[in-house]
Amino acid sequence: MRARLRPKVIGSGTLSARICQSFIQILIVLSIIAFTVETLPDLSPAARSTLRNFEVFVISVFTLEYLLRFWLSEKRVEFVFSFYGITDLLVILPFYLQLGLDLRSLRILWLFRLFRLFKLVRYVDAAKRIGDAFRLVRVDLAVFGMGALFVFYLAAVGIYFFERDAQPDTFASVIHSFWWALATLTTVGYGDVYPVTMGGKIFTFFTLMIGLGVFAVPTGLITMAIVSTREATLNDDAS
Amino acid sequence: MRARLRPKVIGSGTLSARICQSFIQILIVLSIIAFTVETLPDLSPAARSTLRNFEVFVISVFTLEYLLRFWLSEKRVEFVFSFYGITDLLVILPFYLQLGLDLRSLRILWLFRLFRLFKLVRYVDAAKRIGDAFRLVRVDLAVFGMGALFVFYLAAVGIYFFERDAQPDTFASVIHSFWWALATLTTVGYGDVYPVTMGGKIFTFFTLMIGLGVFAVPTGLITMAIVSTREATLNDDAS
Amino acid sequence: MRARLRPKVIGSGTLSARICQSFIQILIVLSIIAFTVETLPDLSPAARSTLRNFEVFVISVFTLEYLLRFWLSEKRVEFVFSFYGITDLLVILPFYLQLGLDLRSLRILWLFRLFRLFKLVRYVDAAKRIGDAFRLVRVDLAVFGMGALFVFYLAAVGIYFFERDAQPDTFASVIHSFWWALATLTTVGYGDVYPVTMGGKIFTFFTLMIGLGVFAVPTGLITMAIVSTREATLNDDAS
Amino acid sequence: MRARLRPKVIGSGTLSARICQSFIQILIVLSIIAFTVETLPDLSPAARSTLRNFEVFVISVFTLEYLLRFWLSEKRVEFVFSFYGITDLLVILPFYLQLGLDLRSLRILWLFRLFRLFKLVRYVDAAKRIGDAFRLVRVDLAVFGMGALFVFYLAAVGIYFFERDAQPDTFASVIHSFWWALATLTTVGYGDVYPVTMGGKIFTFFTLMIGLGVFAVPTGLITMAIVSTREATLNDDAS
């Protein structure tokens, strides 16, 4: 019976398997939306109760799916310790732990429900190509990543040196100055911290001239690698 | 008479057709400018009246154009349901509806006048090439688009987790935190919302390190695709 | 004597010509710095007088250079109406006009002194290559430039529609909303204007998702074109 | 004995040399962290004393390393005046100067401790490839660098012209306006300075349309050069 049921549920070609998988995908997305809505501070008790019931339903389905996949897999130990097996377990485990213990203090467990996002990865083929692209440029990425950290650190030290007397609260230490370096080098520029001395402004000029290049190059490298990977794939298909 | 008139009005080679089309194009641009000026809050009644009269004139010309195109086209049903036929109708229809009914409450209809912008597309050949380029990278774009949404969502959840106690109004829920995620990951950084806790700032660091790549790669992909498309076109022309 | 003097002053190989040209270049840079310093509001009368004297000296040298170039050129009419001839004249003319007439009211003439920056172009060979690169992608640039204007306009109209009731002063008309569209689509994000309504924020999300691509692609195109131009130059040199 | 000891300490293949070098690297990173923590304003005297002792230990090890490298090198004069020799000396020298003289007034010497960051370069092979990439595009980079300075200067002059009457404090001179030009052209946009007049806003539009291209192209050029360099390396390896 297991052999007959397997292709119908976790296979990749049959219609029934495709329906099962679409159902799970939709449920993941819906439960993520429920998770998001639940954080609204002014929800009515009725809405909160509905969301709670939906959560119980979702957990039931995911538990059923986990047990089914476990029962149907040929190599059960391998499944339990595979990426998908662990993800599937992490998604449902916090709910059952919550029933037995009083975990209200462990707020971080609440974030575990987000692991269901990773359940979606199972259905994304293209993720593999992006992995290939990253592997292709990993050395350059590492070098530029270290270069970026280097510039980032020197920017924080420099602005601390120039601004600590003028703004002793905002630039209280090199560690405090990291926040300015982040907002400036990524060009986010919230506007909560910025230099006011002439020296600090001139230093910002040179930091940005050097830093923008160092921070923007890695992005370009990934793009080039993705194009290379696609061309390689196309050539393989053609030959 | 239809067969004789057609090339003179909607053909592509004759002088008279070119004059007609240039006239329509200039009228579209002028009417968009009029639409823009009309939104100024402190217009004099005289100016308002002039703009109103110009609008009536524009609609008259567009109606005439629509009727002429309908009358001159060989396959009239096809024209009515084509992209250009529908656009042309949507541009003039709200005006006539407004005469019969009192639509002052339906503010959205006022935006329909913008459809005349799409009338300009008829005259842009190069739009096709951009379409080709998008088609070439549509899989990568979709993957990175999903990746961007993924990062975007996790950024909002994370900052909500770190900042909800320190800034309960700004980061009231995950939904409220999306606004911060948008301003940060696109590096717009208006400065109306930003983290103030140490945890939130460190989280911002990692969000930006990962997020900037994910958000910037799609742009690079489109650029590469446009270059590829142009080279393909040049090779076709050469061979 | 003209024939003997020409290579020594405006030639390109001799030592004396190189010294003349370096002297002029340094004078241009110094006079630009003087122009910049002169705008400082709290200069002492002595400093102001020194800057004025330096300006008279610079104008004297530039006038001498213009007369020399005119006297030495074989085709004098052509020189007067060439790009360099006109630039050289525009640099010195406002000074002499100022002597005869009272031009204090014509503030824009004060900016004419900046034309001496363009005198520097004479000495930059690489400017030609950038011109070639722009010509290579001018069609794509024009298309994306129009696309950017299109997105820019629709962004302003949309935000006006969503925010005019909540912020009637900041988003008083579509024309006022252009300022928001500019700060947002270029990701500058000064923070003086930003949407506060839910609708306006969701609209900002979609505007940025579409707009960033449209605004960032032209830059990528120019980069690719410069690389192509360099490779073409290298191939020409090799063959 | 020197010949026997050399490979064990500064060689590149032996295990003992690798352990020595890893120890030095970890010490550099730790001492940089100590340097960073030391700037915190509210450190307890005990923590300050611990950091001071750690600094003495680090300097001792670095001094020992310097003397060992000097003693072991075959060409001692060359080592002293090599990049690494000078860096190693600059790292330890300020400490000994501080013992003899009262240098509390020379705050800049405090920054010399950062030179130990450059000691890390000795262990980064990939730095060479980035140097090659920069050399490949140095002409284009110089041209665009000058173009960026040109646009930067004209932006400051223009905004000064438009805004000096409306905001005489913020845009007090062209020199004051550079700060606005920097924050705008790099799209950082802190929000402490921005134009308020209609003329200044229109000028900002044109500045950004031209400036973004000029400022973003150099980054793209470096990316392309790095890809070219990697391909050249791969081809060399293959042939």
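All chains are identified by letter, namely A, B, C and D, in their written order; residue positions are counted from 1 within each chain.
The rule is simple: a contact is a pair of C-beta atoms (placed from the backbone, for glycine too) under 8 Å apart; a residue touches a chain by one contact, two chains touch by 3 or more.
The structure presented is a predicted model; accordingly, all values stated were derived computationally and were not measured.
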item	value
Touching both chain C and chain D (chains)	A, B
Chain D against chain A, contact positions shared by both copies (same if over half, else different)	different
Centre-to-centre distance between chain D and chain B (centres being mean Cα positions), rounded to whole Å	43
Averaged-CA centre spacing for the pair chain C and chain B, given as whole angstrom	31
Touching two or more other chains - residues of chain A	183, 187-191, 216, 220, 224
Residues of chain D touching chain B in the complex	187, 189-191
Touching residues on chain A, where the partner in the complex is chain B	32, 35-37, 39-41, 107, 111, 114, 117, 124, 126-127, 129-130, 178-179, 182-183, 186-192, 215-216, 218-220, 222-224, 226-227, 230
Complex contact set, residues of chain C against chain B	139-140, 142-144, 146-147, 150, 153-154, 157, 160-161, 168, 172-175, 183-184, 187-191, 194, 201, 204-205, 208, 212-213, 216-217, 220-221, 224
